[in-house]
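In C-alpha cells below, several structures.
Note that chain A is present in both complexes that follow, paired respectively with chain B and with chain C.
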Partner chain A sequence: MNKNKEQLLNKRYKAEQRFRLYGQSAIFMALLFLTIFIFKIFSTGYSAFQKTWLIVPVNFDAELMMLDENPTKQDIEDADYYEIALQSMWNLDPNANEDQQNQLKRMVSYFFEREIKQELLKDTNLLGKTKEVYLTASDDLDQVFKGNYPRDLPEDQRRVSDYQLKIFDQLVANGKVESKFNISFFTNADSREAELAGIASSFMGSIFSILVCLMIAFPVAVLAAIYLEEFAPKNRFTDFIEVNINNLAAVPSIVFGLLGLGVLLAIFQLPRSTPLVGGITLSLMTLPTIIIAARASLKAVPPSIREAALAMGASRMQTTMHHTVPLSMPGTLSGTIIGLAQALGETAPLILIGMVAFVNTIPGSPMDPAASLPVQIYIWAESAERGFVEKVSACIMVLLGFLIIMNLFAQIIRHKFEKKWS
Partner chain B sequence: MRKNGVKMIKIKAKDVDVFYGKKQALFNISLDIEENQVTALIGPSGCGKSTFLRCLNRMNDVIDICSVKGEILINDFNINDKGCDVVRLREKIGMVFQKPNPFPKTLYENVSYGPTIHGIAQSKQEMDEIVETSLKKAALWEEVKDRLHEPGTGLSGGQQQRLCIARAISVRPEVILMDEPCSALDPIATAQIEELIDELKKEHTIIIVTHSMAQAARVSQNTGFFHLGQLIEHGSTDKIFKNPDNKKTQDYITGRFG
Partner chain C sequence: MNLILFTFIVLLGFTSYYFGRKKAYTIQSTKKRLTALPQFYGYYLAIWCAIPAFIIFSLWAIFEPSIVKLLILSDYSNQGYLDDELNLIYEKTKALSRGQFTGEITPFIEASAEKYLSLRSIAQSSKVVIVLSAIIASVAYAYKRISSNSRTREPVEKFLNAVLFTASLAAILTTVGIVFSLIFQTIDFFKVIPLFDFVFGTHWYPAKAFVRDSSEALDPTMYSDTFGAVPIFAGTFFIAFIAMCVAIPIGLMSGIYLAEYASIKVRQYAKPLIEILAGIPTVVYGFFAALTVGPFLKELGTSMGLEVSAESALAAGGVMGIMIIPFISSLSDDVITSVPQSLRDGSYAMGATKSETIKRVIFPAALPGIVGSILLGVSRAIGETMIVVMASGLAANLTLNPLESTSTITAQIVVILIGDQAFGDPKTQAAFALGMSLFLVTLCLNIVALRVVKRYREKYE
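Entry: the complex of A and B
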C-alpha cells in the first residue's frame, strides 16, 4: 500500500517534469524561429542602409553647357548638363569605343546629370573648373561593391560587363569608390532603379493611412463600445450585435478590400490609390478590434466603482464619463494601438484599392496617391533586379521597427496608466 | 427620536415586493424607519436584507432583471413613483458598501465628487470646508490632512471605509444606508466605524445591514429580522434581542440557525 503510494507520487512528479520540458522546448523552438527570421532579415537588409558612390572628376565646361559669359543663376539652372556629365564618365577611359562609352555611362544612375547640376548650383564658382563629384553607382555595381554580386558567372549571364568591372576595379584601387549612409533610401520615393528607390512615399502613405484609420475607427469604436457596455439593454438584439462584431473581427482582410473597391471607389468615386481610401478600408478592419478591446476594458472596471458613483447621485452619463471611461482608457488605447499595428501591416485590402500602383512622388496629403510599407515590400519583392533584394529586407526592418515601437507604446500605456484598485 | 413622545418616522415601506426575473426575493415588506436612529437589518445570508436596503435608494434599478413593487415613502413621498428623480433621491440618501470602494482618485477628489456634481459648493474655499468637515465627521481628518492629494486607494481598509463614509456625508444626506460596512474590516477598524455610526445618527437616519448580531445589538436602536425574503419581526433592538415575539427570531438570535 505504502509502496504503491510512493510509486504514484513519483509518477506525478515525473509527469510534471515532462510537462515543464515540453513547455521549455516549445519556447525554445519559438525563439529559434524568431532568431533565424530576424538574422535572415538583418543579414540581407543591413547593406541597404549603405550606398555606393563613384567619385568622378567633372569639368564644368561652360561651352559644353551652352552658357554665355557671366551667366545668371537662372541660366545655370536652365543649362544643359547632359554633355558634361557624359564627358566626365567617358573620361574615365579615354580610349573607349562607342559601345564601351555606353557601358561607362551605365555605371552610374540615370540621376547623374542632376547630381552634377546640384553640385554646381551649390557653388557657381566651379564654372569652368574641374571638381570631383560623388555620383550614385548603378545598383549592380553597388551590389558588386557590397560583395553580393556573383562575379564569377559567365559574362553573358551578368548585367555587369567585364569592361565595367575592369573600370570599377580601377576606381576601387584608386580609392574613388566610397560607401556612405544611404540617406536617399529614406528621402526618395519608389523608383524603377534600385539604387534610387526609397521608402519615403510608402512611409508617408502608411502614416496617412494609419491617421485616417485612427480618426475614423477610434471615435466610432469607442462610442459603440461605451453604448453597448454601459447603456444598451441586454437583450437578443444586442446579443446579435455582439456576435456580429466578433464575426467582423474574423473576416479576412481582403474582403474589406473588395468592399473598399466596390463602395468607396466605384460608388463614392473617391480618388484611387490614396491613403484616404486605404485608411477608410483599414478602419473597417480595425473597428471590431478596438470595439472588443474597449468593451473588455470597460468590463474590467469593477462594478463597485459604478455603484459608488451612482449611489452618490451621479447620473448614468456622469458615472460613465467621470469614472468608467477614464478608467478603461489605458486598455482601450493599447487595444487601439494594437489594432492600428495590425492595420499597418495589412497588404491585401490596399492592393485591391490600388495602393499597389507605382508611385514615384511623395504624398503631401491623404488625397495624393501613395503606396504603403507592406505593399512596398510586395512590389519590391516582385522586382527582378538584384538591388531590390536587400531593399525588401530593409523595408521589412523599417516596418518591424515601426511595429515594435507601437507595441512598446501600447505596453507602456497599459502599465503606466492602468489604475490599481485595492 | 421622539418629539413630544411621538416617534418620528423617516421612511415608511408598505407592501414591498422585489422580483429578480421570475423569482421573488422579498415578500410584502412593511417597515417603518425612525428618524435619527440606527436601524439594523439582520438575518441569514440571502434573506433579502441587502435587497431591501438597495430599494431605499433605488440601486436595484441598475439590475436589469430586478423589479420592485409597493410603496416606499420617504418624507411622505413615494420614491417608486414615476415622478421621482433618482439623482435627487440619491443625493438625499447616501450609501456605504460592503467592500470599501473609493474612486481611484485623490482623497480630496473622492470627497468633493458629490458636492461637485450636485453643485453644492460655490467656491474652492467652500469646497475645502466641505471636504474638511466631511473628513472630520468621518474621523479621518487627523490621519489624512497632510495627504489629501494622494490616491484614496493607498489607505488601509478601515481608512478607506471611513473615506467612503466621508464621501457619503459630503452631500449632507438625510439617510445613510450601510451594507455590511464592517465585514471586510478587522476588529479595531470595526470599532472605529461603530463609534462613528453612533456619532452620525445625530444628523442622519442610519440603516445598517449586518451579519453580526453583536454589532446590531451594539449600534442600533431598532432591529428588523429578515428570513427567506420575509420580514419576520421588527421592533426596538432591546426587545428583539431580549424578548422576541417570534420563535424564528428567538432561534436566530440564540444561534440555532443562520
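Entry: the complex of A and C
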C-alpha cells in the first residue's frame, strides 16, 4: 500500500518536471527562432555594406574623347567617354577577341563611363595622361569576391564566364581589386543592377509616408482620445465608436490597402504610388493604436488632479487641456512612436496603392512616386539576381535598426518623463 | 499658392487672437469685470477667423473642379460626343495644361487647355479675394461684438468640444470607408459572377479573365469556372491551421511558464525578447520563409525521398506560426496572471503539485481568455499577407498536403492588384470580393474574441 503511494507520488513529481520542461522548451524554441532569424539576416546581409572595386588604368586620350586642343570645362563635360572607358577595359587583356572584349566590358557596372568622367572632372590635368581609376565591379564579380558565388558550378550555369574569372583572378593577384565601404548603398536610388542599387529612394519614401502618417494620425487620435476619455457621454453612440476602434485595430492591414485603392485613388483621384497616399492609408491604420494608447495614458492620470483643478474654478475644458493632457503626453507619445514603428514596417497596403513601382529617382516631396523600405525589401526579394539577396538582408538590417531606435526612444520617453502616481 | 494663402490665414488667426486679447485687457483696464480670461477673447476671435476660411476652402475644393469641367466641356456640348469621350477630352486638357501631355495636340485641345489655365487662375484669385474678405468681415464683426459682458469662454469651449467630437468620428468614418470601398466593387462582381459559383466553385484562374479584348462585350459565360473561391478559402484556412499548430503549443506553454514558473529575472528578459518577434515586419518573415525555410524544407524532403515544393504551405504556415507566438504567449500570460491567487492557494492546500494546479484549476478558469487570444491569433493568421505572398504559391491548388503549394485570400488580392488595375474588370472586382470576405471573416473572429476576453475580464475584476 505504502509503496503504491510512493509510486504515485513519484509519477506526479515526474509529471510536474515534464510539464516544467515543456514550458522551458517552449521559451527556448521561441528564443531559438529569434536567434536563427537574426543570425541569418546578419550573416547574409553584412557583406552588402562592402563594395568591390576594380582598379583599372584609364588613358584619358583627348583624341578618343573627340576633344580639340585646349578644351574648356564645358567641352570636357560634354566629351565622349565611352571609347576610352571601353579601351581601358579591353586593355586588361590586349589579346582578347571580340567576344572576350564584350565579356571584359561586362566585368564592371554600366556606370563605368560616368565613373571615369567624374575622375576627370575632379582633375582636368589628367587629360592625355593615364591614371588608375576605381570602377564598380559587376554584381556577379562582387559576389565572387565576397565568396558568396559558387565558383565550382559548370560554366553554363554561372553568370560569370571562365574567362572573366581568369582576368578577375589576375587582377586580384596584382592587388587591383579592392573592397571598400559601400556608400552608394545609402546614396543611390533603386536600380535594376544589383551593384548600383541603393536604398535612398525607398528610405525617403518611408520618411515621407511616416511624416504624413504622423501629421494626420497624431492630432486626430489625440483629440479623439480626449473626447472619449474626458467628455463623451455614456451612451450607445459612444459605445459604437469604441467598438469601431477596437475592431479597426484588428482589421488586416491589406484591407486598409483596398480602402486606399478604392477611396483615395479611385474616388479622390490622389496621385498613385506616392508617399502622400501611402501616409494617409497608414494613418488610418495607426489611428486605433494611438487612440488606445492615448486613452490608456489619460486614464492613468489620477482623478485627484482633475478634482483639484475643478476645485480651483477651472472649467472642464481648462482642466483637461491644462492639466490632464500635458500629464498624459509621455504615454501618448510613446504609444504614437510604437504605432509609427508598426506603420514603418507595413508592406501590403502600400503595395496595393502602387508604391511598388520601380523608382530610380530620389523623391523630393510626398507627391513624388516612391517605394518604402519594406516594399523595397519585397521588390528585391522577388528579383532573381544573386546580388540582391545580400541587399535585401542589408535593407532589413537598416529597417530593423530604425525600428529598434524608435522602440528605444518610446521606452526612454516613457521611463524618463512619465510621472509615477502612487 | 494655396500654401501661401494658408500661411497667411494662420497669421491672420494669430493676429486676431492678439487683438481679441488686447481688447480684453483694455476692457480690464477700465476696471470692468471680464466674464472670461483675456485669452478666451483671443481664442474667440481666432475661431471667427478659422470658421469662414474653413467653410470657403472646403466649398472650393468640392465645387471648383466640377464647375471648371462643366465650363470647359460646354465648348464641346453640341458636337455629339459621348460622356466617355468628353471625359477623355477633359483629361487630355488637364494633362496638356500641366505640360505632361504626350500624343497629338489638336488645336481644340490646345484652346481648351488655355481656357482651363485661365479659368483656374480666375478661380484661384477669386478664392483669395473671397476668403480674405470673408475673414476680415467676420473678425471685424466679432471684434465689435465682444464687450465686458459678452460670453466668450462658452462658445470657445463648445467649439473645442465639437472639434474633439469630430475627431472621434474618424474611427467610424474609416469603417464606413472600408465597407464603402469594398461593397460596390463586390456587388458589381456578383452581378457578373453568381454568388453560388464564387462560394462553391472549385476552380480559381483569374488570369483567364484577363485574356479579353476590351472591345468585346462582357459575356458572363466565359467566366464560368474561373472565380470559384473554394481553393482560396481552403488554402487560407489550411495555412492558418498550420500556423496555429506551431503557435498554440509554443505560445501557450511559454505564456504558462512565464506566468507561473519563471523567476522575476527570467521573466524580465524572456518576455520582451519574445515580444521582439511581434515587432519584426512581416515582409522580413516573408523573406526568411522564402529564402531560408522553403529551400531548407525542400532539401530535407528530398533527402528523405519526399516531393516538397519550394513554396510549400508548410514553410509559409510554419513561419507565420513563429510570428504569432508572441500574440498568444503575452495574451495568455496576462490572462493567467489575472486568475485570482485564491484559486491557486486552494489547490495547493489540497496537496496538488504546481502542474496539476495549472492543468486542473488555472487552465479551466482561464480558458475563455485563452480561447479569445487564440481566436485573435487565428484572425491574424488569416489576414497575414506578406509571408504568403512571398513564400507560398500563387496558383490556387485545392490540396491538403502541407508539402504542396497553396494560395490564400490575401496572396490572391496582392497578385491581382499589383501593377495597374482597370476598375470595372471582373478580375479587379474579384480582389475586392475576396477583400470583403476577408473583412467579414476577421470581423466575426475579432468580435467573438473581444467579447470572450471582455466577459472573462469582468468575471474576475
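Methods note: the second predicted complex is superposed on the first by the 394 of 422 C-alpha atoms of A that agree within 3 Å, B and C clash if a C-alpha of one lies under 4 Å from a C-alpha of the other, contacts with A are read in each partner's own complex, and residues count from 1 in each chain.
Methods note: a contact is a pair of C-beta atoms (placed from the backbone, for glycine too) under 8 Å apart; a residue touches a chain by one contact, two chains touch by 3 or more.
Since this is a predicted model, take the numbers as computed values, not measurements.
K.L.:
Will chain C clash with chain B on chain A after the two structures are superposed, or do they fit?
P.N.:
Superposition result for chain B and chain C: fit.
K.L.:
Contacts for A:A26 in the overlay, against chain B (first) and chain C (second): which applies, first, second, both or neither?
P.N.:
second
K.L.:
Is A:L350 touching anything from chain B or chain C once the two structures are fitted on A? First, second, both or neither.
P.N.:
Neither chain B nor chain C is touched by A:L350.
K.L.:
For the three-chain arrangement built by superposition, which of chain B and chain C touches the greater number of chain A residues?
P.N.:
Between chain B and chain C, C touches the greater number of residues in chain A.
K.L.:
Quick check on the superposed pair: does A:I377 touch chain B, chain C, both, or neither? Answer first, second, both or neither.
P.N.:
After superposition on chain A, A:I377 lies in contact with chain C alone.
K.L.:
Is A:S315 in contact with chain B, with chain C, with both, or with neither (first, second, both, neither)?
P.N.:
Both chain B and chain C are touched by A:S315.
K.L.:
Quick one: classify A:I305 as touching chain B (first), chain C (second), both or neither.
P.N.:
It touches chain B, and chain C stays clear.
K.L.:
Looking at the overlay, does A:L327 come into contact with chain B only (first), chain C only (second), both, or neither?
P.N.:
Touch partner of A:L327: chain B, not chain C.
K.L.:
Put chain A at the vertex: what angle do the Cα centres of chain B and chain C make there, to the nearest 10 degrees?
P.N.:
60
K.L.:
First (chain B), second (chain C), both or neither: which does A:I226 touch?
P.N.:
second
K.L.:
Looking at chain B versus chain C in the superposed three-chain picture, what is their shortest Cα distance in Å?
P.N.:
Closest C-alpha pair between chain B and chain C: 7 Å.
K.L.:
By the touch definition above, which chain A residues appear in both interfaces, chain B in one complex and chain C in the other?
P.N.:
In the superposed arrangement, which is not itself an observed complex, chain A uses residues 315 for both chain B and chain C.
K.L.:
Once bound in the complex, which stretches of chain B touch chain A?
P.N.:
Residues of chain B touching chain A: 57, 59, 62, 64, 86-91, 94-95, 97, 99-104, 113-114, 117-118, 153, 157, 160, 164, 167-168, 171.
K.L.:
Applying the document's contact rule, which stretches of chain A touch chain B when the two form their complex?
P.N.:
Chain A reaches chain B through residues 233-234, 302, 304-315, 318, 322-323, 327, 419-422.
K.L.:
What does chain C use to touch chain A in their complex?
P.N.:
By the definition above, chain C touches chain A via 153, 157, 160-161, 163-165, 167-172, 174-175, 177-178, 180-182, 184-185, 249-254, 256-258, 260-262, 270, 273-274, 276-277, 279-284, 286-288, 290-292, 322, 325-326, 329, 353-356, 358-359, 376, 379, 382-386, 389-390, 410, 413-414, 417-419, 421, 423, 431-432, 435, 438-439, 442-443, 446-447, 450.
K.L.:
Chain C touches which residues of chain A in the complex?
P.N.:
The touching residues are 12-13, 15-16, 18-20, 22-27, 29-31, 33-34, 37, 40-41, 219-221, 223-224, 226-228, 231-232, 240-241, 244-248, 250-259, 261-263, 266, 284, 287-288, 291, 315-317, 321, 341, 344-348, 351-352, 356, 374-375, 377-378, 381-382, 389, 392-393, 396, 399-400, 403, 407.
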